[in-house]
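Have a look at the structure that comes next, please.
Naming follows writing order (A, B, C, D and E), and every chain is counted from residue 1.
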C-alpha cells in the first residue's frame, strides 16, 4: 500500500470511467497478469521438464525394442543331442554345434571375407540356452532340419544400430574390427536383419554376458502382482484409516500422535521399509524371499502415508454443511461419510493413489533387502498364487540392475525398460484419472 | 477338504445368510420393510458378517496354529540324533515338510498308492524313486526318522484339516443361527453392521501405529548395538563423517544432516513454487480440458524412476550448471555433482506432489468464497492469495509435507547428483550427501556387518526418524493454528 | 510353501559372475534358476548369518573374506558350518577416457602423492600442494588431478588404500618420514590413506557405471574400475599400467599386477542336501567349464583361480571353515 | 409409523402418554468454547402443536434448536449441559442412537444446504436410507409428494435430475424443506424456513406446517412476528441466551409478561 | 454532479448527466444452459435512489442482480445477451475490467458467505485490497464504521478476532453487509439482506440503506412488500424471468398496471 494510492483512491474511483482502468486497478491487474503468468510458467516448466525427460528416455530406450537376428538352417543329429546332454555345460555344446553349422553355411555361401569359428562365436550371441530349450520342448525336432532365428551378439547388435562404430571399436576378445567385415557381408546378403525384439517385452533377465537374451516381461509380471497387492491393500486401508481419523476419532493426544506418526512414516526412507519387511515378513512371518507378495506388502506400508495424507486433506476440504445436511435427514455418521463426503473427497483420494502407486512402482531400495533386486530370472509363474509367491523381480529393480552392468548394451535395455515402466504407469493410472474427472465438481 | 473349498463354502453360507437374514427380518415385519429398524440389506449384511467373521477367524487361527502344533508333536516324536552337527531342528523339519509335500505330489500323480504312502515299510529308496517319477525335486538321501516323521505329519495334517473344516463350518453355522435369532423387525441391524465397519476403520488406522512400532523395533536393537561400540557423543558431536575400513572411522552425523536439509531445501524451493503455481493455474485459470490433460502429465513426473532423474542430474543438469558456475563460468563449482544439481532435479520430481494434491484441495474450496471476494472487487489473484489459499491451507501443507518427506527419503538422485562427499559447507555448488543416501550405502557396503561402519545406518535411520517426527509435530501445530475452517 | 530354489545374496562385484552361473545352471539342469540378490558383501553376509532354515539364504557372495567378528555372529545364530569358496580374482584397473590425455602409466607413489590429504614436507605435515598429475610425477601429463575413486562403502576402497596408497606412501618414504616426525604407526598409516577432500578426489558410492559416466563428462578424469568392467568398455576407456604392468587376466593371475582381490562365496553346509539344487549349484559354479580359464566367467573378465582344483575338491568334500582351520 | 425405542438397549416398564409433552428441556446450557450461548433454558414443547422460537439475531435460537436433535454434536467447540427429553427419554443418554433421534426429529437448516446431487436424489436420500419405499415407483411418489408439500414441485418437475445446487436461493430453501418432510419425522425443527420465500411460497409452507401439526410437532424459528402469530400455538422468546418468556402465542403477542418480550415485539429491542 | 467521457478516445460534444440514470439495461437475456432465466429485460435504475426487485422465488431476481456487476461471469453455464450500461458505459465492453466494476458495484449475496477468517479480517479485506487505509489505525476505524453501519458492532466488538464463520445466521448476514459497505461502492446490490434478521436489525439495515441513498444507488431484492414499500423509491416486479412492471414504488403498490403485479402484491400468485 503506497501513500499515493491511499485514501485518495476511493475518491478518485468515484465516478471514474469504467472504460479507463484507474492506476491502482492497472497495477493490481499487472499483479494479476503476473500471477497468472507465474502459473502458466510453472506449468510450462513442468511440461518442459517432462518433455526433456521423455525425449531423452525415448531416444536412449527405443533401440532396446529392436534387435538383429541371423537366420540359420540347422540340423541336430541324435548323436549330437546325446553328446550335448551328457555334458555338464550342455548349452556350450549346442552353441558350438550351431556355430559350426553357421560357419559351414557361410562357407557354402562363398563369402570373400576371411573368417573362422571364433569369428562366428564373437558375432553370434549366447544362444545355447535357446537352442537347448527348443529341442527339449519337443525332442522330435532332433534330427530334423529346422530354421532358427537367433540374435547376434550385443556388440554386433550395437554396430548395426550405430552404437558401436568402426572408429570406436578396439579389438578385444569380444569383437574385432575384422569381424565387422563379415557382419557387413552378411547384412549385404540379407542374412542379418533387424526385427522387433519381442523377447525384450516377454523375456526374463539374463546373465551379464548375454544382453541379447534379456527381457523385461518377467519383471513386468512381478510388478503387476506387486502393484496388485499395493492397490488392493493400500487404497482401502488408507481410505479407511483416514476416514476413521478424520471423521470418527475423538480429538485427543492419542489421535494427534497417530496423525503425526502417519505423516512421519511418509518421511521414512524407503530402504528402512525394506529393513522392516525383511524382519517382519520374511524372518518373522516366514513368507518366501524375493516374492512379489512381500514386495507388495512393503510397498503398501510405504504407500499408505501418501494415500492417508491426501485422503485426509480432501476429507477436510469437504464443507461441514454437507455432513450436517445428511445427518439432519437421519443418516448415520457412517452413511453421511460413505454417501456424501467420500464421493466429494474422491478426486483427492485418487490423486493420492496415483502418486502413491507411481512412487511404489518406481521404487527399488526396499526391494533390495527382500531380495527382488539382483538376478532373479525365473520362469513365468504358473498361476495366480505362484505369481505372488514365486521369486520374481520388479521393473525398477530390473532397470536398476541393468543400468549397473558393464556391457553398454544393457544400458540401452535399462532405458527401454524405463519406457515400458512408464507405459505401465500410464495404463495403471488411466482408470484413476478418468474416475477422478468424473468425481470433480464445484459447490 | 482344501482350504479353498472351505472358503467357498463359508462364502456361500454367508451369501445364504445375507438372504436369510434379509428375508427373516422382512417376514418379521410382515413383508413391509418400512416397519424395520434398518434397511433390509443391513439385516442381510449382519447375518453375512456373523457367518463370515467367526469362520474366517477360526480358519486363520487354525491355519496359523496347526503347523505349529503339528510341528511340535512331530518334533517331540523325533529322535534327538536326527539333528546333525551344525544343522538345526528347523532344517530337519523343513526337510520333513518337503517330504510331506513330495509324498502328496507322488500320491496325487498316482505313482504311489495312498496306502503305500502311509505304510511304515516305506524307505528312502522307494521315496526317491517315486518322487523322481512324479517329477518332484529330490535332494540327497532321506534318513528313516524323517520319513516316519513325514508320514506322521501327513496323518496329523489330514486329521487337522478335517477338524478345521468342522470347526469353521460350525462357527459359520453358529454365527448364522445367532444372527437369525437376533434378527427381528426391531433389531438394530444398521448399528450392528456399522459397529463392525467402525472396527475395520479402527483396525486400518492402527496399522499405521503398528508400522511405526515395527520400524522403531527393527531399528532400535542395532541402534543400541551401534551406540554400544561407538560413542554417542562422537556421533552427535563430531563434525566429520569419514568411515574407514581400518576401524578408525569418524561418524559424525552433522555433515549428513546438513546435506539432507540443504538438498531438501533447494528441492522444495524448486518444487513448492512451481507446484503451487501450477496447482493454482490448473484449478483457477485453466479450462477443464487443459486441466484434464496437464494434470496427469505432470503426475508422470512422480512416476519416472529416480534412477532416471539421477542420470539426468549427472549427465545433463550437472554439466549445464558447470558451464555457468564452473571454472569457465563463475568459478563457484568444482564438479557437476553438487547440492544444487541434486536439489534442482529432485525439485522437478516433486512438482506433482505439490501440484496435484493442492489442485484437488483448491478445487474443493466452495465457490461462494470466491464469489464473496470477487463481489468486493478483488482480482482473481487476490482472491486466490488471500481467501482460497488460506482456506486450502491444511491440504497444501499436507502436500508440501509429502514432498518434503519424499525429498528427505530420496537416495538415487543424491547419490548420482550430489556426489558422495559428506561435508559441511554453505556453498550450494559443493558436493554433499544426505542421511538417507548414507543409510543405503552403509547398509549395502562392504564393511563388516557388525562393525560401527555398517551399524551406523540404523542409528542414522533412527535419528532421521526422530528429526522428521519433530518436523511433523511443528507442521501439525502450524496447521492447527492457521487453519481456516470454511462454513 | 517350501522353497525349491537356491537363494544367494551379497556382493555386487560377484553378482555378475553369479548371474552368469545361475543362468547357465537354470538352462542346464532341471533345477529352477537360483535367485541371486545384490546388496553388498556385508548385507549378504549379515543375512547369511541370520540363522539356518528356509527363510534364510543359502549362499553369500563376498568380495572379501569373511571376518572373525562375522563368523562369531554367525555362530551365535547357529550358523556354525560355513564352506568358503574362492571363485577367482578381480583385478582393479585405473583407466581414463580413451580420447583423453595420456595418463597411462602409474606407480602407487603417484597416487599417494596425488591424493593424500597431507604430505610430510620439510618435517611437517602440509596440505597436499599437488594440483596436476605432473606435480606428482613429472612423467605424467600436466593435467589437473580428477580421480574418481570408490566410496568408503566399497570393499574396493580398502584394496585401493592398502595396495596403492599405503604402498605408495612407503615407496616414497613418506611413511618413514612420518614415523620420524614422531607419529605413531597407526597415525602414520592413517595419514597415508586419508584422501584429500578438496574435490580432486571424488568418492563414488554408486557402481562402475557411475564412474564411467563421470569420466564421460570429464575427459581428464581417471577412474578406478574392475577388470571385467574395463574390458567390456574398452571403446571408451583405456587402462593405465601400474608399476609398469598392464592389467590383464594373466598378469593378475600370476600376481605381477599389484592391485587385485579375491572373490568368494560362502555356503551354509546345513542347507546342503536340504535345499534342492544347492549342492549341485555349488559344484557347478566352480566346475572347469564355468570357472576355468576358458569358461564364460573368465571370458567375462574374472581372473580365474590358478588353484581351482583345490576349491573343487573342497566343495566336493564339504570342507567347512572350521575344518580348514584344523 | 415406527414404534421404536430410541434407546440402543431395549428397556421396559415405562409408558408415557406422548400426547402432552413431546420435548422437555431442563436447565440446558450450551457453550461454544467460552461463549455461553444458551443459559439455563427449561422448556416443554407440546405434541401436535407448532412452537415458535423468536428473538433477536444471535440470541441462541438456532443453537437451542440444534440441541433438540443433537446436531450440536457435530460442532467441535460446543458443549451442552442439562437434560432434554423427547417422549420422556433423555436424548443425551448414552444409549440413545443419535441417528434414530434425527430420523425422528427432522431439521431444516437456516442456510439452505442441498447435496451436490440431483434434485430428485436430494429428496429421495432420506426415504432411501430409512427404507420408506418398496420400489422405484413408491419412491417417485414419495419424492413428488414431498416436493409438492415443499411447494416447489411445479418449478422443478421438469428438471428433477438437474443439480440441487443450481436452484435459486428460495428454491433451495424449499428443496430442503421437502427433503426434511420426505422422511416423515415426528418432530420437525425448522430454522427460518421462509426467510428467502415470497409471500405465496411462505403461505404454502405455513399451510404445510399447519398440516404437519395434525400428526407431528413442529418447532419453527422465525423473525416475523406475523408468521409466529399465524402459525404457532406456543411461542418462546429468547434473549441473549435466556429463555425470557414462553407461553400461548396469543398471550405472548398481546399480553407479554416480561418487559423485554414486550420491547421486542413492539420493535424496541433487537 | 459529474461530467464524464464515455469512451477512451477523446471526443467532444456529448455530455451526460449521471444523476439521472445510473444503470441502464437493454434487452438483457440470461441463460443457464438451456434454462432461459431472464427474458429480454430492459430497465433504467436511477442514481441516488433505492430500487427494489420483487417477485416470486425463482423468477430471476438474483440472476439479474448478478448481471449488474458481472458476478454471473463466474457461473460456467451462464450466458448473457443484451447490454447493461453503468454511467452510460457498457459493462460488458471488452475494455471494462470486471474487478474495477465490482469495486464500484458492491454486492451482498443471498446466502451469507463470510470468509473463513476473523470478523475483523472479513471486513478489512476489501479496504485492504483497495488501499483505502494508510495505516492500521485508519483500517481499524474503517472496520469499526462498517460494522456499526452493518448493525453488528455491539455484538462482535469483543470478539473481532473470532472467526466470522462462527457467527449466527443473522450475524453472518450483517457481517456480509458490513463487508460490502466497507469498500464504499457507488452502487450496492443487496440480495435479500434482511432475510435472517429480526425486526430491529432489519430496521437498522433499512436505515443504513436510506443513509447510503444520499450518495449512492442501492438495488435491493426483497420478499417483503412492506420492506420494499418502506425503503425503495422504485420497484421492479419480475415474474418468470420477465420484468413485468417497473415504476415508482408508491404506484406499483397502490395502482399496478399489470394484472400479474396486482396478483402478486395482493398475494395471489407466487
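Structure notes:
Note that in this section contacts are C-beta pairs under 8 Å (C-beta built on N, C-alpha and C of every residue); 3 or more make two chains touch, one makes a residue touch a chain.
All figures in this text were calculated on a predicted structure; none of them were measured in a lab.
Considering every other chain in turn, the ones in contact with both subunit B and subunit C prove to be A. Between subunit C and subunit E, the least number of touch steps comes to 2.
Looking at subunit A and subunit C, the chains that touch each of them are B. Central chain assignment: B. Criterion: smallest distance from chain C-alpha mean to the mean of all protein C-alpha atoms. Remark: among chain pairs B-D and B-E, B-E carries the greater number of C-beta contacts. In this assembly, C is the chain whose CA centroid lies farthest from the centroid of subunit E.
Here the CA centre of subunit A is 19 Å from the CA centre of subunit B.
Chain centres here are Cα means. That of subunit A falls 58 Å from that of subunit E. If you average the CA atoms of subunit C and of subunit D, the two centres end up 82 Å from each other. Per-chain CA centroids place subunit A at a distance of 58 Å from subunit D. In subunit E, the residues that reach two or more other chains under the touch definition are 99-101, 103-104, 111, 129-130, 183. Touching two or more other chains at once are residues 12, 39, 43, 54, 206 of subunit C. Residue positions 28-29, 32, 320-321, 332, 344, 368-369, 403, 443 of subunit A are each in touch with at least two other chains. Applying the touch criterion to all chain pairs gives A-B, A-C, A-D, A-E, B-C, B-D, B-E, D-E. The residues of subunit C lying in touch with subunit A in their complex are 1, 3, 5, 7, 9, 12, 15-24, 26-28, 32-33, 35-39, 43, 47, 50, 54-55, 57, 98, 206-209, 226, 228-229, 231-236, 284, 287, 289-290, 295-296, 299-301.
If you check the complex, the residues on subunit C that touch subunit B are 2, 4, 11-12, 30-31, 39-43, 45-46, 49, 51-54, 63-64, 67, 69-70, 73, 78, 80-81, 146, 151-155, 157-158, 161, 186, 189-190, 193-194, 197, 199, 202-206, 210, 213-214, 216-218, 269-279, 320.
Residues 28-29, 31-32, 35-36, 38-43, 45-47, 49-50, 52-53, 56-57, 236-238, 240-241, 243-245, 248-249, 256, 258-273, 275-276, 279-280, 301, 304-306, 308-310, 312-314, 316-321, 332, 334, 344-345, 347-348, 351-352, 354-355, 358-359, 361-362, 364-365, 368-369, 396, 399-400, 403, 414, 418, 421-422, 425-426, 429, 433, 437, 440, 442-443 of subunit A are the ones that touch subunit B when the two sit in their complex. Those residues of subunit A lying in contact with subunit E across their complex are 1-3, 5-7, 9-10, 13-22, 24-25, 28-29, 32.
Residue ranges on subunit D touching subunit B, taken from their complex, read 2, 4, 8, 10, 97, 99, 129-132, 134.
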